[in-house]
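First the structure, in the form of structure tokens, and then the observations on it.
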Amino acid sequence: MLDKNGIAKRIAKEIKDGYYVNLGIGIPTLVANYIPEGVNVVLQSENGLLGMGPFPFEGEEDPDLINAGKQTITTLPGSSIFDSAMSFGMIRAQKIDLTILGAMEVSENGDIANWKIPGKMVKGMGGAMDLVASAKNIIVAMQHVNKAGESKLLPSCTLPLTGVNCIKKIVTELGVFDVLPEGGFKLLERAPGVSVDEIRKATAGKLYADDDVPEMVVG
Amino acid sequence: MLDKNGIAKRIAKEIKDGYYVNLGIGIPTLVANYIPEGVNVVLQSENGLLGMGPFPFEGEEDPDLINAGKQTITTLPGSSIFDSAMSFGMIRAQKIDLTILGAMEVSENGDIANWKIPGKMVKGMGGAMDLVASAKNIIVAMQHVNKAGESKLLPSCTLPLTGVNCIKKIVTELGVFDVLPEGGFKLLERAPGVSVDEIRKATAGKLYADDDVPEMVVG
Amino acid sequence: MINKVVANADEAIADITDGQTLMLGGFGLCGIPENCISALVKKGVKDLTCISNNAGVDDFGIGLMLKQRQVKKMISSYVGENAEFERQLLSGELEVELIPQGTLATRCLAAGYGMPAIFTPAGVGTEVAEGKETRNFNGKDYLMEYAFDADFAIVKAWKGDTAGNLIFRSTSRNFNPVMAMAGKITIAEVEELVEVGQLDPDHIHTPGVYVHRIFQGKDYEKRIEQRTVRSKEQG
Amino acid sequence: MINKVVANADEAIADITDGQTLMLGGFGLCGIPENCISALVKKGVKDLTCISNNAGVDDFGIGLMLKQRQVKKMISSYVGENAEFERQLLSGELEVELIPQGTLATRCLAAGYGMPAIFTPAGVGTEVAEGKETRNFNGKDYLMEYAFDADFAIVKAWKGDTAGNLIFRSTSRNFNPVMAMAGKITIAEVEELVEVGQLDPDHIHTPGVYVHRIFQGKDYEKRIEQRTVRSKEQG
């Protein structure tokens, strides 16, 4: 079973040299810490920055320089700043190679719900609907089950949707899954020490697993 | 009867303090020379400049700094440079107060033809169709009759149109005309020494003229 | 050049009246028009519809206007942490329209570029699509979204000149340039107001033609919403 | 950062093949990708569809490609003074599609911003509207125009860095940034190629994400089409 950093570490392996990547809030943010040496990646922050760097040193925070999570950040050499229209323009035009974001639910056909729980205060979708509707490659980073113990990999989403038929891959504390074009979750890798049966029990949607699903190698 | 500079001089009087103005090629370009002292105007060049200044001094031409007529120009303090999408964006959004351009024909209902003569080599409409379709106030500067002696103020245009129902005012060597919302040319001013009868003869479209049309004061 | 300078925020917003629609630049608390917001609070104008990506926090930004019940409707993509906002929303005092962030930005762009509507895939198949025209291009569905129609756009820039040209600093640019283009009347407050000729024409983000009033702002707090740092040891 | 540098124009255009669609930046002869045009002439690739506001002059710019009969179709707003162009057009060797300049620019923007189509009033009621969908918004008619779909965009910038970020100089900006956004593959030639970190992030006109290949250009002629001057006496 992986912890949050383990999920982030595993996802980092999906990032290829030369990728422009948008990281959502939460576990996705952690992915930046595990991008391998020698893999050149540019992080986009959808408030208007390409080339996001690490947090600033104490005392060097710049209120004019934040990321989409409103955190103070830095820029790397070669970064560029642009307005919100261009930022979402490049997202819509699929110039961003990979989007990694969290989810409350993902369905067998790649629908995602991650912005609204009926009856609870709704904060808004921010840029999530734009990202999931446009990105050519989306990986969801999330816990496999919710706090009530219910699976978040479902036959169909029960919560209001963020986007339809858009998620390609999911990494949870239990494993790595492809969302198949014909529908269903294909188990690609088991988290260390986790059996296919355990995963099957935690997955409400249709799960496809070969007999010899490998255990993942993290880090 | 006015010469080209006279037409330009008369049109310059239509320009109000604080106007952003787009000047077409030909007579409209001359208008810049006659903008009264104290009238602050910003000239737009649709290749991507606000704040166009006069031609450069000899030897100071900059090949990177031209106007929409491909002429070397200068910028004035307070100018700004932008790309072609923004340039036509501000035109479409009617941020330009006045457009002055030439025409081959104008019709009673404000249609304009100025880009194409069937059977002749067609060079293209450039930005003319964008300008006439979007500008909130368009003045046509042109000769009243063509080289064959035919009126260019017509019941309807014979040449392929550049835009429909868009011209508000016309200044020719013979006079100043409003294009009436209900159709027809309303003679506002006669050029010095020109009679209403002369104007009527040179105007194929419906002409409305009061008994006491004033002679224009130029300059 | 045309001079767009007004004395201060009070003068800049003097003709904003109850019930109007305002766009306010900024992302979170970054790049928000602090001076104009203060002036709007002082003026007490109400029943406003505010188009802004976020709604401030309880005691800063648009939150100050919310506290005074000046806002009838918020059009935002994310309304964040704001207890008073939540209270007004749940009690029905405040109307909220949540729209995707890119749709928000592009509807501003559409207004500034004279395009009555644009197409975006954001929200297709979700409740955002309800009542909207969906259209398929090249096998993909898009929603048709309309250009915004705002009485005023209020933005904050780093530098500006008397002709209204604006330059933004770092990620405080965000929605400011697109909203600056989109208002019927655009008001810009700047940290540094300079004479024409002081700004490089190649560096202007918002040409003065889009800006109707500009003034030298003062006392910028520039509050940081999420102060995240690393220690020098972490390196 | 991702390094986009290629050695020269020949390498940059090496995989452009017969029959492809190219966008070429520039307005008149201002800001045209001189090095890439020379390389295309040298390579001799043909049956090209060229999207460019103008078509060069007889012995410069795209005119050099026309002279070699490399262009099957020009999509432009104004084709200017070019005797060979005229000859090929009248003889039917060359196909020409003339479209309004703003429509040209906005169809590029649409491609770069992932919008499949845009609405513009330009051309309503004219032959440009033939076969196109007309739609009324708020009492005004607009044509629906589609985003361009170009295999390559070839642009010329003043400065660029190894990550592909571009800065344009004065009115040589023109169509270059919007075309840079619009190509499936974008090639940028620059007068000065610098290391990352040399360009101010706030001054970048085209972020590197839109640029796939960049190289240091050479021997720029920058021909002036209409040399207009005033004498010092005129003042």
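By letter and in written order, the chains are A, B, C and D; residue numbering begins at 1 in each of them.
Operating definition for what follows: contacts are C-beta pairs under 8 Å (C-beta built on N, C-alpha and C of every residue); 3 or more make two chains touch, one makes a residue touch a chain.
Please read these numbers as outputs of a predicted model, since none were measured by experiment.
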item	value
Chain-contact steps, minimal, separating chain B from chain A	2
Centroid comparison with chain B (C-alpha atoms), farthest chain	A
Interface with more contacting C-beta pairs, comparing B-C to A-C	A-C
Centre distance in Å when chain A and chain D are each reduced to the mean of their C-alpha atoms	37
Gap in Å, rounded to a whole number, between the CA centres of chain D and chain B	28
For chain C, residues contacting two or more additional chains	106, 109, 113-115, 120, 168-170, 173, 201-202
Junction residues of chain B, two or more chains touched	49, 75, 81-82, 85, 88-89, 91-92, 134
Chain-level touch network, classified as line, ring, star, complete or other	other
Set of all touching chain pairs, with the criterion as stated earlier	A-C, A-D, B-C, B-D, C-D
Interfacial residue positions of chain A with respect to chain D in the complex	17-18, 20, 40-42, 44, 49-51, 75-82, 85-86, 88-96, 134
Chain C-facing residues of chain A, complex	45-49, 54-67, 69-73, 75, 81-85, 87-89, 91-92, 111, 121-130, 133-134, 160-165
Sites on chain C touched by chain D in the complex	106, 109, 113-120, 137-138, 140, 142, 146, 167-170, 173, 201-203
Residue numbers on chain C that touch chain B, as the complex places them	1-3, 111-115, 161-163, 165, 181, 195-197, 201-202, 204, 207-210
Chain D residues touching chain B - in the complex, by the definition given at the top	27-31, 53, 76-80, 86, 89-90, 98, 100-106, 108-109, 120-128, 158, 168-178, 205, 222-232
